[in-house]
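Heads up, there are several structures right after this.
Shared between the two complexes below is subunit A, which has subunit B as its partner in the first and subunit C in the second.
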Partner chain A sequence: MQGSWNYRTLVAGGLANAMLPLLRRIYAGDPVRLEAAVSRHLEPFNAHPYLCAMAVTALARLEATEVSPEKITRFRTALRAPLGAVGDELVWAGWRPFCALLAIVLFALEGSPWVATLFFLLLYNVGHVYLRGWAFWRGWSAGFDVGRALQEAPWNGATRWLTVLNAFLVGAAVVLVAWRTPATALLRWEVVLALVAAAAVGYVRPGLGERVAATLLIAAPVLLLLLGG
Partner chain B sequence: MPIVLHRVDERLLHGQVVVGWGRRLGIGFYVVVDDGIAECEWERELYASALPADSDVYFLTVAETIRRLPEFEARRDAGILLTADTVAMRRLAEAGLLAGHAVNLGGLHSAPGRERLLDYVFLSASETEDVRVIGDLAASVSARDLPGSPEVGLERLLRSVERARR
Partner chain C sequence: MSELDVSVGLWAVLVVVGAALGLDAASWPQVMISRPIVAATIGGALLGDASSGFLVGAILELLGLGHMPYGAAVYPETGPAGLVAGAGLAASGDSGLGPLLLAVACGWIIGWVGAATVRLQRRINGYLVASLAAAAPYRLERRHRMAMTIDALRAGALTAAFAVPVMILVKLVSRLPTGGAALSVASAVLLVAVALAGGVGVRVMGGRRTAPLLFGAGGAAAALLILLTG
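Showing the complex of A and B:
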């Protein structure tokens, strides 16, 4: 989907390419309308890369049911909003940090970087592949009703809980990492320097400080491996 | 509480607005001012599904917005008002709704006839004129895509228009 990402059309190239097999079937024997449909879907488009699958099938459904091109274009424009916002909220702000934090906690308790890494990759991708699959099938069955399908999605109750759980896991991870860290490892000049730098950035640019602190927290287990052994 | 952000963004309710601005400002409701969307049910439903379940959204025409504004001003939570283009925001400004408010320009992307002013602001000649009028009627106009990004004031935007047109 993001293979031809660019500032002008964003993911439109990926979207049109993914729709191509469906469009070829819908407009079999009608090269003029096929070309018009492909150029329609090459117009700028953006959404969350996983939920793009929903755009592929929902738009193909409209093409297959002979909806007017103007209406398809309006639908396509409106589609960017929920597919982007729901995906960002669910995956980037919810599921990914949840899996990463759980892996950090697991590492702090259990101690093997391989187990924690494997755990993260497996857990994250189960959710990831499920979401792509759900989006692909649900998009086709929903057509115009993508909005309702998203509001009735099976994970809807969970998004709020993910935020709460993530806040809890950040706390747990900080405590566990600090507890696992030998005092000698913390007193090394690299660590002190990193903390001073993070504090300075946080003071000068508060927004950026949060990101630096989060990065440091995620980097802490790696630092531990390199410094503490 | 009044509306705390007046924004022109052709994507209306999307990740940058809902997660980027909405979370930062603690937003409870959104007012989407767009004559076309206000009259189309599936479009309203589609845009509304971009929002967290605990926030309210109103899809209104320009005329309805002018009438219902006092109701929003009386709310206890903070809101964001969005238009997809400079024309709708200009009509709100000309109705006197933006006096004393700051207007924010966000995602107005590349299109035929538009000049690039910033990575996320492209304006045509008529849109530039709209922005000028809004600037005269509102407290201020500036561009900023996300709360953490630097703000670019109207003066600088208009200077880059002149540079782009030369």
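Showing the complex of A and C:
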């Protein structure tokens, strides 16, 4: 879907490309209307890549039922915000970190990199494939009612729980990774206090936290080399 | 090269895997083999130490928690970076702190170099796809495929450019003497960076008022678990 993502039309190239098999069937034997439909869907568009499947089938259904091009364009514009916001919050900020953090905790406790990696890939992709499939079929059945379909989605309560669980898991993962790091200084009280203070700074001032973390990351090996000799 | 025990064949395998990981991040199929915990484990495994690879990947994963791929956001590219970092540490044959720190730092830097190449690629995609005004379907399909091919080549080239230099660098560092105090200071600095990134991650993932408490509870639970299990 995002194979041709660009700053001018965003994910529109992928959306139009994904719609092509359906559009070819809808406008079979009418190349002029087919090209017009493709051009319509090459206009700027953005959404979460997994939920784009919902746009693909909902828009194709409107094309199939001969809704006017103006209405299709307006509906297409209206789809952008919800499909982007819902997917970003659910997948990028919720499901993906949840699966990765669980895998990190599993590795720290169990010790096998392969068990943790396969656990991550299997768990994540169960949700991933389910979401793409749900979006594809629900988009077709909903048509104009995509907004209601999103409101009634079976995973709606999950986002809140994922946020809660992720906050807990980040704390656990930071400590467990520190424990797994060789020559760890974790057991010194001043280091524990520094970790708590650092996490607080990162939470309160995320911009500053990011910059300081990157600087420290580069400084750590340099410090080791300078002090190590 | 011979001391590193990296053949041209293994380098080529790394490049092909790097291309596939780069493609996975955004183009296809987005099954998240491009995440650091997977990419670095693969890199480590190819050089004989999957466990070290996973540890590098876990640290990179925590450091990247605050970078979300929302819209046109710029974020470190994790696939080739994780692969090279994991391979670099495994190739050194030393899972000590010095090589680990350097592998993680290299992974982070390569991630941002990758981000710059992704930005360039997205501009090229603009010329390829956004310039299609009257869109014959076959032209769209061809250009979409071309954009994906460029993405894979870009990620492969990134891996090709960094794989061997990072392995040599990490190997060199593994041979340098490091004292006890230096190890403690450097590991503390790394842990502070990870804790900072964790705090940023909790905030970016949608921190509520209870999030700091939950973060602390998670840390305390893990610490208790470590104390109980030894």
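Structure notes:
The definition used in the following text is that the second predicted complex is superposed on the first by the 177 of 229 C-alpha atoms of A that agree within 3 Å, B and C clash if a C-alpha of one lies under 4 Å from a C-alpha of the other, contacts with A are read in each partner's own complex, and residues count from 1 in each chain.
Here is the rule we go by: a residue touches a chain if its C-beta (ideal position, glycine included) is under 8 Å from a C-beta of that chain, and two chains touch if they have at least 3 such contacts.
Since the structure is predicted, the reported quantities are computational estimates derived from the model, not experimental observations.
Looking at the shared chain after the overlay, A:82 reaches subunit B, while subunit C stays out of its contact range. With both structures placed on the common chain, the touch criterion links A:30 to neither subunit B nor subunit C. Once the two complexes are laid over each other on the shared chain, residue contacts for A:181 go to subunit C alone; subunit B is not touched. Judged by the touch definition given at the top, the superposed model places A:219 against subunit C, while subunit B stays out of reach.
Once the two complexes are laid over each other on the shared chain, residue contacts for A:151 go to subunit B alone; subunit C is not touched. Of the two partner chains placed around the shared chain by superposition, subunit C is the only one that A:164 touches, whereas subunit B remains out of contact.
Of the two partner chains placed by superposition, subunit B and subunit C are both touched by A:7.
Residue contacts after overlaying the shared chain place A:93 against subunit B and subunit C alike. In the superposition on chain A, A:74 contacts subunit B only, with no contact to subunit C.
A count of residues in subunit A touched by subunit B and by subunit C gives the higher number to C. Residues 7-8, 46, 84, 88-89, 93, 159 of subunit A touch subunit B in one complex and subunit C in the other.
The residues of subunit B lying in touch with subunit A in their complex are 11-15, 17-19, 36-37, 40, 42-43, 45-53, 109-110, 119, 147-148. Only residues 7-8, 44, 46, 48, 74-75, 78-82, 84-89, 93, 144-148, 150-151, 156, 159-160, 207-208 of subunit A touch subunit B when the two sit together in their complex.
On the subunit A side of its complex with subunit C, the touching residues are 1-10, 12-14, 16-17, 20, 23-24, 34-35, 38-39, 42, 46, 49-50, 84, 88-89, 92-94, 96-97, 100, 103-105, 107-109, 111, 113-114, 116-117, 120-121, 124-125, 128, 159, 163-164, 166-186, 188, 191, 194-196, 198-204, 206, 209-210, 212-214, 216-221, 223-229. Residues 26-28, 30-33, 35, 37-38, 41, 44-45, 50-51, 53-55, 58-59, 61-63, 65-66, 68-72, 95-98, 100-102, 104-105, 108-109, 122-126, 128-130, 132-137, 140-141, 143-145, 147-148, 151, 173, 176-179, 181-208, 210-212, 214-223, 225-226 of subunit C touch subunit A in their complex.
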